[in-house]
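One chain, chain A, appears in both complexes that follow, with chain B as partner in the first and chain C in the second.
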Partner chain A sequence: MQGFDPALFEQIEFLLLAGIVLVLAYLALEHKEIVYAAFFFGFMASFVAGFFLLLEAPFIAGMQIAVYTGGISTLIIFAVLLLPRAQDSTLEKFATPRARQISLVIAVVVTVMTGFLAVLFPWAESFNEAFVSISQDLNGLAQWLWFENGIYVQMIALIMITSLVGAISLLRMDKAEQLGAITGEFGVEAKPVLIDDLQSAEDGQSVPEPKEVDE
Partner chain B sequence: MMQTSRLFLDFIPVIIWALLAMALVIIMLLASWVLRPHVLQNSEKTSTYECGEEPVGPARISYPYNYFVYTVLFVVIDVMGAFLWLLSSSTLLWANATKYEVVWQVVVFILIVMGGVGFVMKMIPRSFLDGKETLDVYRRAKAEREKEQYPTGGH
Partner chain C sequence: MVPLSWYLVLAFMLIGLGGYGMMVKRNLIRILIGAEIMGNGVMIAIVAIALFNPAFSFTGQGLIILVISVAAAHTALAMVLMLMYNRRYGSVDLGTSVEMEGQ
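Let's look at the complex of A and B:
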């Protein structure tokens, strides 16, 4: 690139990425079809990986694509498919115009405060030179993560199994709820004779317990 | 030049491939739009296709929530894979300075995660609504109801 300032090139890359990410994030929030919104979230997550490439951190970029684009967007798409209730979400509807105005004001305040913080924060002083060398060096990164901060890896494992146990306990609660419906009015008030024993019941014989369903 | 060997520039082929992939999709969609016959749409044509059957109810039904656990499992294995991949691309496990300490951490990490996965694989079948169990609950409820109706022992 003759006669082209590489620093300017980096700025252009960042602005391009930031613009794309903002547009995709807006679409992920506001798209009418929630499945499309989930896909836009996945695209947004993969463009965020571009930020990490700009910051010279290939491992984090790969992890971003593997976990967010691969894992989290699959999770969201599955959640949407399994819960049709989520497809007509009323989260964005405000009860009254007043509630809408209040939330708009809160959103503006949070945005302005975040902007101030981003401008005022001493980014240059908080920059740790030691991390620059390990961000590109997988061996150093592995040493930092597994050897020096190994306890956090174990904590991540514990958090992950918490999510698994939580998912299972939610399913058990859901099942107990569904079984509870059987003992309610509908189940008990159903015909006292099972359908396949109707003939023998009408004949006036004693009704044996059906055996074939027990096996 | 330090600046021209930036990591981001190494990924320009990826961007080119992504653009080519997008172009392929757009060209295929356009081509199918050009090539297909544009017939009048009616309610028969736009209705859900169910192998010649009359469609019953909406197409978007609720699947059992239990399948959701499989995606949670996928995310967990995904994160575990990322950590272990980082480990495998380093020399931690055969450098003498680190290997005796790190190997125990790896063992504990894998045991925790695989313990969680094994727990889920054991519990998923029990979390599904079992026909046998449903029948059991139903019969017990029926027996209780009958006991209420004929407290003296029935006929």
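Let's look at the complex of A and C:
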């Protein structure tokens, strides 16, 4: 097509994606219903992958969709579903107008200052202004990760496994604390029971089936 | 071609928006969403810088792979902490603990 400028098309694409991402991020924070907010966050994570495609990093875009959209947003939705009180928007409390104004001022000042830095900083002297393609060589990336920086990958793996095992342990410890006691075999949690007729139990008479205490 | 400054401005706007959410919101789930929005802004900035400097070609991509992996782990941990908070205080509102401990 004559007169078609791919750079202009790319810029329009960027502006469109940026608008969608900012609106979705705002909705994820401000939507009244928290379930919808979690869904908006998932959509926002998907659209951020669009920037990685624009930046010619399709592997990162795939990881972003798999982990952020498929994993993290699902975890957040699970958290919302596991916490019934969180789903009731009428129970949600909001910060005072004064706190909101102060936070808004701080956020705007930080954004404007860093934005000015991004616009005014002489990037041409620090980086190439010319377009540089990110290497698409996955073998090279794997070699860079495992052979040149393998120790960092192992450290990150250790941090991840520690945090996940820690999370599971915390949850079990908290549950055990709440139940009050752990009896019987190791790891088997017993519910507290009430015996109505203690005297008959001591006499060895037939004891009615213990009733479970409603929590 | 989209200039680097555009990507950085967008990244800083996302970081600012996420920071605003973390400062203003009292609901722990919304605070977590704010933190994730900030993380997305940081990732856009890192990949954009990697695009404009050949020295960062693998560094940027490798760093993002590690950041995304750690983000998944810290979200799982945050979710467990939220569940524990809810069990202890009966709410995911951040002010509840302050009010209950103050009594």
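Just so it is clear, the second predicted complex is superposed on the first by the 152 of 215 C-alpha atoms of A that agree within 3 Å, B and C clash if a C-alpha of one lies under 4 Å from a C-alpha of the other, contacts with A are read in each partner's own complex, and residues count from 1 in each chain.
Note that in this section a residue touches a chain if its C-beta (ideal position, glycine included) is under 8 Å from a C-beta of that chain, and two chains touch if they have at least 3 such contacts.
From a predicted model like this one, the values you see are computed outputs, not experimental measurements.
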Using the overlay on chain A, decide if chain B and chain C clash or can fit next to each other.
fit
In the superposed model, does chain B or chain C contact more residues of chain A?
C
Just to be sure I read the superposition right, which of the two partners does A:Met160 touch: chain B = first, chain C = second, or both, or neither?
both
On the A-aligned overlay, A:Leu16 touches which partner chain: chain B = first, chain C = second, or both, or neither?
neither
Quick one: classify A:Ile106 as touching chain B (first), chain C (second), both or neither.
second
Just to be sure I read the superposition right, which of the two partners does A:Phe147 touch: chain B = first, chain C = second, or both, or neither?
first
Regarding the shared-chain residue A:Glu56, is it in contact with chain B (first), chain C (second), both, or neither?
both
Who does A:Ala118 touch here: chain B (first), chain C (second), both, or neither?
second
For A:Arg172 in the superposed arrangement: first (chain B), second (chain C), both or neither?
first
Note down the smallest distance between any C-alpha of chain B and any C-alpha of chain C in the overlay, whole angstrom.
5
Both partners, chain B and chain C, contact chain A at residues 7, 10, 54, 56, 59, 63, 67, 71-72, 75, 78-79, 82-83, 85, 141, 145, 153, 156, 160, 163-164, 167-168, 170-171, 174, 178
Show me the residue ranges of chain B that touch chain A in the complex, using the header's touch definition.
1, 3-4, 6-8, 11, 60-76, 78-83, 86-87, 89-92, 98, 101-102, 105-106, 108-109, 112-113, 115-117, 119-120, 123-124, 126-129, 131-135, 137-138, 140-142, 144-146
For the complex, which residues does chain A have touching chain B?
1, 6-7, 10, 13, 50, 53-54, 56, 58-59, 62-63, 66-67, 70-72, 74-75, 78-79, 81-85, 87, 136, 138-139, 141-143, 145-147, 150, 153-154, 156-158, 160-161, 163-165, 167-168, 170-172, 174-175, 178-179, 182-183, 187-188, 190, 192, 213-214
With touch defined as at the start, can you tell me which chain A residues reach chain C in the complex?
7, 10-11, 14, 18, 21-22, 25-26, 28-29, 34, 37-38, 41, 44-45, 48, 51-52, 54-57, 59-60, 63-64, 67-68, 71-72, 75-76, 78-80, 82-83, 85-86, 91-95, 99-100, 103-104, 106-108, 110-111, 114-115, 118-119, 121, 123, 127-129, 131-135, 140-141, 144-145, 149, 152-153, 156, 159-160, 163-164, 166-168, 170-171, 174, 178
Going by the contact rule at the top, pick out the chain C residues touching chain A in the complex.
1-10, 12-21, 23-27, 29-30, 32-34, 36-37, 40, 43-44, 47-54, 57-58, 60-62, 64-66, 68-77, 79-84, 86-88, 90-93, 95
